[in-house]
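In the part that follows, the structures are each spelled out as structure tokens.
Two complexes follow with subunit A in common, the first pairing it with subunit B and the second with subunit C.
Right, the complex of A and B next:
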């Protein structure tokens, strides 16, 4: 049974690949629309042998991580202040919860005029979209710090900065990472979308460029690269989380 | 004190708008309109049929996509949470592709399903599927074993246990994920329309940008903001109506 359990997902993925290949070779659809696996993997190989393609990956990663890092720095700070100060929370909470469901993507055309059509407008939009999950989760965490821990720290004469450093921040870290896990895929989504809408470089642009030249094989190869990046970044966040928060294992994480 | 606290964010908002308006009077770049101008253009656009046609076109894409994706997500997520073999088969594929931006599939969907609305509805459904699937799955898994035991003890059939125990305990998490997937459906709809569409709010903002019609840009922006906000309020209202027994979740 154990063996069967292990093998089942592989069987599922294997069957899907075989069906794909059979459909591609059946001649029912044009290979332009439905390329065989062989062609897709050849394009994928080109991706790693040509420096131009590696540069495209670098451009997209820099935009995603730059915006994410900015959002993390500002978001953690804002979240902790909002969680610990009622005044700041009353001031900013309605702002964040009111505009939470509004697609910030609609600001992109205006950002292009303000920050230019280059990387800056994309980084700014990634920052804005990533800020929400990080601030909301950090604030929720900082608000729910165990009272008993705060009282005992005060009782033992800890200063305000010591309480912040030794009690509030460690107690908030799991929530910060929960925010990160939402924000990292969002960063990838926003980078790809903005590059698809208005750009001349990056992976999102490569997808649109391949589509315009009806190179479905190359398009799928770029999609596989983007998928692998998204997966790897998520894994990296989980690894970092387990390193930093060794006292609390992430039990809701599967795979 | 409570009244003062409630009006604090309102005062802050008014202060920001006042500063913005004053800055506009002193001269801002052409692409930053003042709040008064934005309101005037928006009210003007409300009187035209064009705006409603675009709203309708956008909603006709995002709402079916949201409904299909959320329904499939909830159904398959509940199945994966209940049946072990199903979970083993499906979950690795779902969790593996979860952090992948689904919007990159849009060009491929456009080649497969045509450049019209079908490819856009399908990509929105795909994006909405994931959060609902994952929450439905965890919702089922979080069912308290003691409740299942006592139901079994009282002679409930598996179907009864699913309907009376598992479903109610998974419902709050499913409702929470609907909020996420509705917001997601608007984002993907807007992105898809910005990339390629002949109608809709995303297309409106792109055309406005290309022809330097800053007034139309802001009209589209304000409309999508209002739609997103209203949709979110509706889901939250449905949540508190349908699951009245549950304590309201924190933020």
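Right, the complex of A and C next:
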């Protein structure tokens, strides 16, 4: 069964690649628009031989992780406070609910004027986009803490700080990581889009540069790099979660 | 009864002709293409339209999207800067320039794209842009090429000495004023609007950057469409040249008609005041300027991996003699 589980995603990916190659070779579409896998992977190989391209990865990762780290720090704090304080929840809930659906990317021109055209405006937008899922998931987790655990801690004479540290935060951690898993790909998406809109470096700039040069093969090679980075970051979050909250894994039950 | 039957027969014939006339699906832009827009705003100026060809103009915000639609077979023709068609041709795209729309030309009577800086800022010459940033409309667009040409001619290395970043036209004015970028690209009507606000000063123009008058926008067709529908293309270009001449002779009326038809959103008084790009009344393409631009893109910018045969890229045989 475990072997089948491992092989299944590879079968899916392999099938998708075969379909792509068949479509590219069918002659139905221009190779400029629909390049073959051979061309895409040749560009991918060239990408990794250039030092400046590795620097583009570094630039995008720094922006994405910088914004994400800020959102994590502020989001966990706000989420826990909102989850455990009726007053703060009443104050901030309408703000978060009312603005959650707003496409923050539309605010990017304003961010450019406030923070400049460099990295700061991009980090600030990543922070804002990542903040919402982290706050909302953390808040839900903090509210869901088992009352029996809280009462037990209180009965044993634990202080508020001790309850927070020993009961609330551990119980909320699975929710925090759920928020992280939503926020990490959001960070990558926002960084790439903002670099496509206004930037002279980063992976998003490379996407728009290749697109403007009618090099779809090169553009797709950069897209594969972005996808791989997103996958690696998600796996890193999952790995960290499994290490920190190992007990969650024990409860998993598949029907 | 006889009269009624004659009318029905006439309408049926007209409808049948219109249906058999080849449809030209043309991707257009949002600036400097007045005479082309006029063909749809004032079809009465195009005697062949509806009879020998049908025209459907589709708006695109940028060249890459227009080329993608063209590659996907959703367009038969379009407008694009000659300097965007050169790399497209280098990639092996089936594309031919058949007529000129407008040129970047020096001289007070014509508009040429302007790069401006803060009026009270420290930048007095292009050399002062070292360490700064230039705002252009898109990467590897005409505005990008002029910015890089200006920097190279001043002895600066684009991207290393001066960053070139893409921005939307409407925000460039404030970006320069607030110091977010050191210089920015301005075309009409944004140029006139920003000059009216004040606080900005010209640093260089597109023609000064490359050093000669050159093609800005051209009309392209696919070779496949040209071969399949030569008569329709000739009829279309005959109307296009006639409308260009009308536009140049009756600019105020033409601009008013375009405004009324919704092709231009700038307030009419401001639009009427803006100066216009140079347009050849016969829509002839300045092939020599395209050759020079192609050589510049190959040698100085490394935007081309191999030389492009510009002569084979342009076919003016469909224009009226």
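Throughout what follows, the second predicted complex is superposed on the first by the 222 of 255 C-alpha atoms of A that agree within 3 Å, B and C clash if a C-alpha of one lies under 4 Å from a C-alpha of the other, contacts with A are read in each partner's own complex, and residues count from 1 in each chain.
Please note the rule applied: a contact is a pair of C-beta atoms (placed from the backbone, for glycine too) under 8 Å apart; a residue touches a chain by one contact, two chains touch by 3 or more.
Computed from a predicted structure; not experimentally measured.
S.K.: Looking at A:208, would you say it contacts subunit B, subunit C, both, or neither? Reply first, second, both or neither.
M.R.: In the superposition, A:208 contacts both subunit B and subunit C.
S.K.: For A:33, decide between first (touching subunit B), second (touching subunit C), both and neither.
M.R.: both
S.K.: First (subunit B), second (subunit C), both or neither: which does A:184 touch?
M.R.: It touches subunit B, and subunit C stays clear.
S.K.: By the touch definition at the top of the document, which applies to A:197: first (subunit B), second (subunit C), both, or neither?
M.R.: Both partners, subunit B and subunit C.
S.K.: Touch test for A:156: subunit B only (first), subunit C only (second), both, or neither?
M.R.: It touches nothing on subunit B or subunit C.
S.K.: Once the shared chain is lined up, is A:116 touching subunit B (first), subunit C (second), both, or neither of them?
M.R.: After superposing on A, A:116 lies in contact with subunit C but is clear of subunit B.
S.K.: So, A:148: does it touch subunit B (first), subunit C (second), both, or neither?
M.R.: The answer is neither, since A:148 touches no partner chain.
S.K.: Given the superposition on chain A, which partner contacts more residues in subunit A: subunit B or subunit C?
M.R.: B
S.K.: For A:13 in the superposed arrangement: first (subunit B), second (subunit C), both or neither?
M.R.: First partner only, subunit B.
S.K.: What is the shared patch of subunit A, the residues that subunit B and subunit C both contact?
M.R.: 33, 109, 112-113, 197, 208, 211, 214
S.K.: Which of the residues in subunit B end up touching subunit A in this complex?
M.R.: Touch residues, subunit B against subunit A: 5, 8-9, 12-13, 29, 31-32, 85, 88-93, 95-108, 110-112, 138, 179, 182-183, 186-187, 190-191, 194-195, 201-202, 205-206, 208-209, 217, 220-221, 224-225, 228-229, 231-232, 250-251.
S.K.: Can you check the complex and tell me which residues of subunit C touch subunit A?
M.R.: 63-64, 67-68, 71-72, 87-88, 91-93, 133, 135, 138-141, 159, 163-168, 171, 174-175, 178, 180-181, 303
S.K.: For the complex, which residues does subunit A have touching subunit B?
M.R.: The contact residues of subunit A facing subunit B are 5, 8-9, 11-13, 33-34, 90-95, 97-103, 105-110, 112-114, 136, 139-140, 184-185, 188-189, 192-193, 196-197, 204, 207-208, 210-211, 214, 216, 219-220, 222-223, 226-227, 230-231, 233-234, 252, 254-255.
S.K.: Would you tell me which residues of subunit A are touching subunit C in their complex?
M.R.: Within the complex, subunit A contacts subunit C at residues 29-30, 32-33, 109, 112-113, 116-117, 197-200, 205, 208-209, 211-215.
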